[in-house]
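Letters are used for the chains, namely A, B, C and D, taken in the order the chains are written, and counting of residues starts over at 1 for each.
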C-alpha cells in the first residue's frame, strides 16, 4: 500500500533513478489557489547543500499533471511529478550483491525477489520525501488557519546542533537527531476514538519517512516517568484550554484545541564513508564495504519540512472528515 | 473509523456501560482450531486485581457470535462480544459537567456535541482493550511459528517496578511505565516500502490503546544520539542476520528476519484520588474535582498483553498479504 | 471483505443458524433520535408470511449493542444484532455432500475448504439481509429530506404479480422478479467522477444481496436500443431539471437532482420442491436431489425493502462525503 | 475516490485537455515481464478511426514513470502516463454556460462549483478509459491462465451491428449497444460472500466507464422472467461444472469455475450533431444547442476492450487475495 488517507488521500510512486517520482492527491478540495511556484519554499527547505548535508543537489521542479486549472485546484485528482535529474546509476552495480548495513538493500531484495530497482535505493530512497513535501505544501493550504512549524531540536545528542555537526564531520561519521513539530489553531474534536486517533494517523505517516525510529506526543516517553498528579493538565477554560500541555493537544485520540506537539527521532544517515561489514549475497562471504560518494552527515537537518508535511497531510484529512 | 487492516481487518464497538463491547475480525483464515477458552489466558493477563491495579474486577467472558463452527474458524467474519457486568453508572452524573483532567471527557463532548455515552468513558474506555486482547489471541494463531512476548520494563522511572508501585500507593498517586514487546520467528519481507511500513502499521494500532504517548523501534530515540558507524547493524549471514539489532528487525519499513523490538510509553493513570482543577462546563467556573472510587495505580501493568495483541494483529495482517 | 463505505461504513457478520446475525455501522452521525422500535416497520416488510413467501417466519428482534444512548445515536459504532430463533439444523446434514443447484453450497465449500458453516446457507444466507434492512432504516434517517421507495414491478415475466405467483404455486415452482427503486429529494453533486460513481456504489451494494443478477439505472438496457437524439434528456431549468429522465438522475456518475431510478433483477428462488440433478461430492456420482421444506415461491416479494436499504446506505455515505 | 481495489489497487488521474492522463497500479506483483509495447495491442483496439467512431484520432503512447526495471515489474507502484496530444480547447469556451444534454457538464459544474476543468469533459472524459485499458493489459498478465474476451453483441437494438451503424450515420444520430464479456479458466472460490462478491467488484468498476447504464451476469434480467426449475444449473461434476450456465460462473458471489459471463449496456453517444434543448446557466433562458465537431456514432464500438480491462482488473485483485 503506497496510499494513505480517508478523504484527502495521497499515493506516491517512483524510484530514485527512474524517470520521475510523483504523488497523487485524491480528495483535495476544489477552488484552492495553487501554482507550481507555491511549492518551492517548502521544497527549498528540504534540499541539500547546507553544512551537514550532501553537496550533491537535486533539481526539484514540480510539474502538475492533473487537478489544477486556471490557477486553482479542480477537485479531481491532483498529480505532481518531479523528473529525476542526471543520475549515476553505474555506481550501484558493484553494490548489487553487497547490502549496505542500515539500508533497505537486503529487505527490498528479499521482498521483491531481486526485481526491485536497486539504483539509489529505488522506491525506498529518501528521494521520495520530495513527494511528501509537495503534498504537505498543498495540505497546508487545506489547513487554513492552522500554523505548523517543525525544527531540529537536537542532533547527535546535543542541543547545539552546529557543534554536533562539526564533530561528526571531523569524525567522518554521521549523526541522528530529534525533530519537534508544533501546530496551533487546530479546532477541538478532530480524530476518532479508536483506530483513527490523531496519534495513529500522524504516526502512520511519520513512519513512512525513511530513517524514523520513534515518535512521541506531548510529554511522550517522559510521561512514563511522571506521576498522574503532575501529568494531568488542569482545564482552565470552557474552550478546553489547559494550564500545562503534557497531552500535546490530544485526549482520547481527539484534538483538544491546545497546541499539538509531536517529536520524531531520526537515526544517523546509514550511508557513511567508513568501512563496514556485510555479507556478499552471491558468495556468502563476509566482506568489508566502503560506500563511496558524498552523503548527508545529518539527514535529520532536512527532515523538519517533511515532518510539517506529514502533520499537514494528517490534519487536512481529519479536517475534511469533520462535519458542522 | 473504528476498523483497521487490509486483509485481517478488525472492527471494535461498544461502550463501557452499554450492553456489551465487541470485536469483529474480517479476513480471518478458515480452519483455525478455536474455542472461547483459548482466549482466556490472555484475557486473564489483562485483568485487574494484582497489586497496583484496581480491585474492581470485570468478568471478561468471551461469547462467539459468528465465524466459528465445529471448533474451527469458518472464514466468515468472526465476532466476539463481552457482556458488560454490573456497572454503577450513577457515579457519572455528577461528572457530566466536570471534565476530568487527562481524560477524553471534554474532547468526546466536543466531538459528539454531548451525545456521547459518558458513563465509564463510553467508547473511549480502557474497557475496549479487552476486544484488542481477544483479537490478538486469535491473531497469534494466525502468526504460527512467531513468538511474541511483552513485559513492563520500567514504571515511574524505575526498572524496579515493585518499588515504584509501592511508592505510588503510599503517595495516593499514579505512575506510568514502558512496555517492551519482542517477536521472533518473523519471516523477512513483511511490510511495504511506503505508507504500510511495519512501523506504520504497528504504531497506528498502538496509538489506539488509551494512555499511549510514544512508540519506538529498535534503538528508538536513542538512535538520535548515536553515530552511524555505531548504529548500522553489520549483516553477518545471507539470511539477513545482523550482529547488533539497532534496527529492531526492520529496514526500510520491511522486516529483516531479526527480532522485532518495539517499546511503548504509557502515561500515568489519569484517574487519581487527589484533588484536581477543572472547569465546570455549564457555569464556566474553575472548580476542584475529586474523583472517587478505586483506580489502577499503574495501568501500564495491564498493557503488556495488549501490546502483544496489537503486534500480533499487525503481523497477522502483513503475513496474510505475503504471497509465495 | 464484509465491510463497505467510506464515511458511513457498514459491516455484517453472522450465520443463519449461529447465535445471531448483526451489523455494525461506523461513521453514523451523532444525535439522531433512534430506538429499536424505529426499525420494526422496515423489518416487518422484509418478513415472510404473505402469499408467495415461506410460511416459516423468523422473529426479527433488533437488539442495540452499542452506539445508542438516551434515545440518540452517540457517534460511536452502532451495532445491532438479531438472535437467531429455533432452527432445525439437522435437516442440513443430509445435504452436506449434495450441493444444491443455484445455491452457494459448492462455492462456499471450495472457498473455505469445507470449514464454512453450511447450516441454512451459513453466512451466505438471505437471513443476512435483515442486517441490511436494519442499517437501511438508520441510513434513511441520515438521508433527511430524501424519499426512497421500491416496489416489485414484475414477477415471472408478468406485471400482474399476483397472477404470476398463483401460476408458480400451482406448478410447485419458483419465479424471479424485477424491483424498481426510486428516490427523490437528492441534492445534485453526490458521487465521484470515477470509481465511486453513484452507480458504482449502489451496484456494489446491490450485488451483495443474494439472488441479484442484474442492475440498471434510468433507461438501463433500453438505452442500448435507443438513439442519442431520443435518449439525451433536455435540461429545462438551472436546477438541472430535465424534461425526460433517461439518465435516472445521474450524469457522469454524479447525481443531477432529478429522481434516482434503479432496477434490479432477482432470480427465481433456488430452493424448489422439484427434483434436481447434482453431484455427490464424496462419491462423484450424479444424483437426484429433492429439497424438502417450505420455501419462498418468489423471494423477490421480500426484496423491495432491501433495495431501499442499500439505496439509503449508499446515499447516506455519499451525503456524508459532501462538504458545504 | 479515484482508486479501487484491495491488493491490486488502481488510481486514475488526468483531464482530457491537461498535460496527461495516467494510472497508478499499486500491489502489482514483481517479476512480470513488461514493456510499453505490450500495452499497444489493447490500446489499438480502443482507438477510434473505424466506421462509426470519430475520425479524430489520439496518439496513445504509454510512458512508464515507475515500477518497471530491466523489463520486469518491480513490485513498487507502477505508473503509466499518456501525454495528451494537440487539443483544440477554444471550442469549449462557447459551451461553458450551455451544459450539453446527456453529459456531465452540469453535474461537474455543481459538484466542483465551477472549478472543474471543462475542456473536453475534463476528468469526466472518455479519454480516461485509456488508463483502464493500460491497467487491464497489465492485469491480464496477472491473470495467467485466464482468457478474457469481449465483443459488441448488439447495437441500436440490432445484432447486425454494421446495419445499425449505417442507419445511424444516415440519420446523423448516435446509437447505443451491448457488450458481452466472457472469461474462462477462472479458479473456483474467488470473491467474498458479502460486499466483495465478484459481481459487486466487477459492477463497481464497470460503472466507472462513462456511458454505462446497466450490467447483468449470466441470465441477468432474463432470470427475472424464468422459473427456478429452468434457471438452476445442474451440477454435473465434482469440479463444479454445470450443464447450463445461467449463473454466469458465480454462485453466492463466488466464482464456481464455469465461464464468467457479464453484459453491459452502453447508451448512445451523448454528443450528436442534431440540435438539442438546454438551459443557459448564466441567463436561465432555454436555448437550442448544436454541438459541432465529429463524434463517435456508436461509442460502444470502442468499449469491448475496456470491458475486458475492468474484468481483468477485478479478477487480478481477487486472485491476489486468494491464498493456497
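In this text, a contact is a pair of C-beta atoms (placed from the backbone, for glycine too) under 8 Å apart; a residue touches a chain by one contact, two chains touch by 3 or more.
Note that this is a predicted model, so its numbers are computed, not measured.
When the partners of chain C are compared with those of chain D, the chains appearing in both lists are A, B. Chain pairs A-B and B-D differ in how many C-beta pairs they share in contact, with the greater number at A-B. To find the repeat of C-D among B-C, A-B or A-D, check which pair has over half of the same contact pairs by residue number; it is A-B. Ranking all chains by how far their C-alpha centres lie from the centre of chain C, first place goes to A. Separating the centre of chain A from that of chain D, both taken as means of CA atoms, is a distance of 37 Å. The geometric centre of chain B is 44 Å away from that of chain D, both derived from CA atoms. Chain geometry summary: the mean Cα position of chain A and that of chain B are 25 Å apart. In chain D, the positions touching at least two other chains are 1-3, 6, 12, 76, 111, 123, 193. Interface residues of chain A, counted against chain B in their complex, comprise 1-4, 6, 12, 99, 101-104, 106-108, 110-111, 123-124, 128, 154-157, 168, 171, 173-178, 188-189, 191-197, 199-201, 203-208, 210, 212-221, 223-229, 231-238, 240, 242-243, 246-248, 250-257, 265-272, 274, 276-279, 281, 284, 286, 300, 324. Interface residues of chain C, counted against chain B in their complex, comprise 1-3, 9, 11-15, 18-22, 24, 26-27, 30-31, 63-67, 69-70, 72-79, 81, 111-113, 115-117, 122-123.
Interface residues of chain A facing chain C in the complex, by the touch rule stated above, are 6-7, 29, 76, 193, 320-321, 323.
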